[in-house]
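Read through the structures below before going on.
Across the two complexes that follow, subunit A remains constant while its partner is subunit B and subsequently subunit C.
On to the complex of A and B.
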């Protein structure tokens, strides 16, 4: 390398590669447009929310987990598909108190619990911003979504007591409508943290338990009273096996038949909401 | 390597060092447009209870605050509340009254209603940021955590202990057991100050107000309906948590 070469190299490398022509302008104090450091468009995001508590429950309470896949079509719009699984649903503390203290129970239609399901929704991020916290800068988006899906439901037949844990009967698949809002924080180009409040809304009446309608259940009650639940004469969709045998605690599942019949005969309908706080951890691909 | 080449590389390094620094300058940091440190504030909010089961609550707060700096302040507030039973609580009482008064029952928890409250607390505001509402309206905000305590004036109307039945068939009571007390309360809140200018901000917060519960166990309904004092105070009544969403405005001086 000769002297001239070194000087040229030094001049080329030493020059500011992105010299801002307005940097010295007295009229430019701040940059008002900043390029988005972590673009979302056409990217896929997978978020897991392992421990979602229900808030504001009345007669039932749920703990669930969900996995949300979001395709970000643009920086502002995405489409999310969210399967969820309720790993614990039970009578609420208030409902238990009502039963034990004043011997009143919630109506069957108000006691239906979600078991699992999947919902899909478009997701809109109308607001993006950043904040400083403890010396650092965090970028976030405020998002809104609303959609629908389906969910499996169940109802408690026997409360948890000395005879063993609670027993449940399936009340079928329902339409689930969902809506929610939340914040999505970006940690680098790959990782996200979401904090969302989401409502899962379902409605209807209890017309079947484990596929058995009132006529089926009456037949099975009569058979249980006679000594054996044979299942003869019931409809094909009635799951007779759900009322046979005993639980691990020795509880005769046939005892659930009378309760199930009572709930089916109650009538009435209700709209139920499962409002959950979803703290999720995501990765963007 | 010749002396000339060494000198050239030394010169290159000397030129590069400042050049690199200017090529990657510190990102520009905008000074806080709305500093609150050392300022006094006066505000008012209205609140509504969420997740109500047996009682419903609406509140009006008047609050005064002082910000020591941009992240730490104190507030004092006075609250008046309109509260009552939910329809569910009234239905429970009605259904119970329609059954014959045989044996004993326990009163329900979480029936105390907030009537008034004074609170003092510390406000920690570690977050300051901005977002754009539309394309032309940047909103600066503070996010805060509030913790404090005070005293609350509470009323309670039982849905179990009726001292005079008006109609057994319709399940109506002429004289439910009512109580009043002043109780210590603890309160916490998560909220935002959304600045509208140097002299004001919209307040939006989620507030928790917690007090110790009390109710009767083993109430002999027949004796109560005859006007006799019956039942014992619950030994471990637990706590009642009332959740409010507050919305209001604060002026800074």
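On to the complex of A and C.
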């Protein structure tokens, strides 16, 4: 049993009044075989984590939400599928300071941000325990998981300023590898609370922005300089519309073309991590 | 003047206590059953149910026009107070006193039946309890009591075990809610375990014991008793495991010395003589002084007030075992008696300065009777417990003697049991199924784990065939 439980129990109950003469006997041994009040095997669990902050980031900041479905194949092993959506991704404060004070932007490959995605992973609960709280017993499990999936990514082209909010360009769908650990508490007969730290890792360089490679972007830049972004002569996957028109603040999206071309031409690659703290509330069905 | 009494009582009800007028109006003792009924009703209207028991019993005892109303008012007070001593005894002594309404007739039948069962009039109890219809709110209570009567070996014509089992199953099938219904179902579940054990159906008995709800008053008893069917069925580990739970500090308010005898018996059966002796020595050290104190109490017969104070005065309660005091106080009839005494005391406080007259006299009378009846119950249980403890300590002596004999036989056979046990590995602990949590037993007592322990033990007998047969 765990230390916390022992402390709580000792505080509540005080000393054991009954001396057990069998406690020290080498010829008798006891074990508790307690039916699980909350069996997991062959049950489905849905967990929502509405507000997940990224921790320890350098150039980007993410706030995301995720919904985790876990099928518990056994009491110890489950398979989780976790779609997530980044509802706010922006340049970190550090990166903004760099840009505004010394006009130094982070490398393009280091500035790519996750937008959404889905990961799947087996989940292992190697340690289980319980503690007493609020007059009851709470079961918990320490869990580990690791897996992979895909995620949509984007890069900031224009920072938020007087001309309007920041603009972003899609940098495509990438492989996302995930790993994490956490605690899962079981409440009542079907509710769970999870506190996990999860890393979403993705790699790559910026070779395309909104589907346009360097050649496409050069053509579009030339067209923009000439006065009109027609899109003629670019590859089929280049999303020309992303560089047309104006934002709600009146900012001309064509102005992003130069920045996009610069990012694509910059080259290089990086391993990016979005380490988040996931506080989730779940129900087991 | 007396016709004004109910009105005064009602007015008193609206305030914090009875109006001073109540005492003034009731200075004259009632001379007729009708006057006694009127006084009783006035006291009830003033929310003095306890005090009303006195005049209402006077009115209900006398045949006449006031009798039926008096019995009904008496049963009303009994129900509100959950009184289990004075009114049942009165009804048993006055079978002619009958209420008018069908519902109250059923209540009267139940109370008479329970009283007859308690006093050993089993035939009468059976006939009274059978008259309560199955659709009655009191049917579960009556059927449980009937099952106990039917299974009683003293029953004229012998016990009818199958009929008793049927009654218990009917009680368990009743899904009624409420605290009383749950209590009756728990009692029925425990009784089922006992009857099935008596019928030597050990597996069913153990399963029945296991189903006694954990929050039931009788759960600690079921916890230790279910060691018996497990032991007889050869499940020594299961028996030791469940007996181990009875040491839990969470059960400190339970009085279960018999658990130690069964524990010692299981260990003796496995020729674990050192362990047997340890358990027996613990039993003797813990309960011999208590047995002597209880024997002295049983013999001396203290006054009623002293006897009640044994449970109500923390200083005096120390004379009892830490578990015995709470266990006695939780006995339904004793608990009802103590509750009535508290109610009467509270009524006396409410009456306060208003009471020079009949109200205080009625309170005094009822309080004295309640004190005596409660003390009788306590004394009866003390006598019973003293006798049971004496028996258990004698059993411990017998077991200790048998242990010595077993050790001597080993010496005669030139068997060094310490070496023998050291050479034998401890059989593996049961692992349980995938839906079981496994916890080590390391001195912590978790409430949710109580009752789920299992043990593994070595066999210290020189050869399996030499195992003493004590099952």
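In this section, the second predicted complex is superposed on the first by the 248 of 285 C-alpha atoms of A that agree within 3 Å, B and C clash if a C-alpha of one lies under 4 Å from a C-alpha of the other, contacts with A are read in each partner's own complex, and residues count from 1 in each chain.
The definition used in the following text is that a contact is a pair of C-beta atoms (placed from the backbone, for glycine too) under 8 Å apart; a residue touches a chain by one contact, two chains touch by 3 or more.
Bear in mind the structure is a predicted one, so any value in this text is a computation, not a measurement.
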Q) First (subunit B), second (subunit C), both or neither: which does A:128 touch? A) both
Q.
Which partner chains sit in contact with A:268 here, subunit B, subunit C, both or neither? Use first/second/both/neither.
A. neither
Q. Does the superposition put A:233 against subunit B (first), subunit C (second), both, or neither?
A. neither
Q) Thinking of the overlay built on chain A, is A:249 touched by subunit B (first), by subunit C (second), by both, or by neither? A) neither
Q. Regarding the shared-chain residue A:97, is it in contact with subunit B (first), subunit C (second), both, or neither?
A. first
Q) After superposition on the shared chain, which partner residues are touched by A:58: those of subunit B (first), subunit C (second), both, or neither? A) first
Q. Taking the superposition as given, does A:142 touch the first partner, subunit B, the second, subunit C, both, or neither?
A. first
Q) Thinking of the overlay built on chain A, is A:74 touched by subunit B (first), by subunit C (second), by both, or by neither? A) second
Q. After superposition on the shared chain, which partner residues are touched by A:37: those of subunit B (first), subunit C (second), both, or neither?
A. second
Q. Between subunit B and subunit C, which residues of subunit A are contacted by each of them?
A. 1, 5-6, 9, 13-14, 16-18, 30-31, 128, 130, 132
**Q.** Of subunit A, residues touching subunit B in the complex
**A.** 1-3, 5-7, 9-11, 13-18, 30-31, 55-56, 58, 94, 97-98, 100-104, 127-134, 142
Q: Please give the residue numbers of subunit C that touch subunit A in the complex, ascending.
A: 240-241, 244, 247-250, 252, 263, 267, 272, 274-275, 278-279, 281-282, 322, 421, 426, 429-432, 434-449, 452-458, 460
Q.
Show me the residue ranges of subunit B that touch subunit A in the complex, using the header's touch definition.
A. 4-5, 8-9, 11-12, 15-16, 19, 22-23, 28, 30, 50-51, 53, 88, 92, 95-96, 105-110, 126-133, 141, 143, 160, 243
Q) Of all residues in subunit A, which touch subunit C in the complex? A) 1, 5-6, 9, 13-14, 16-23, 25-37, 39, 41, 74-75, 128, 130, 132, 137
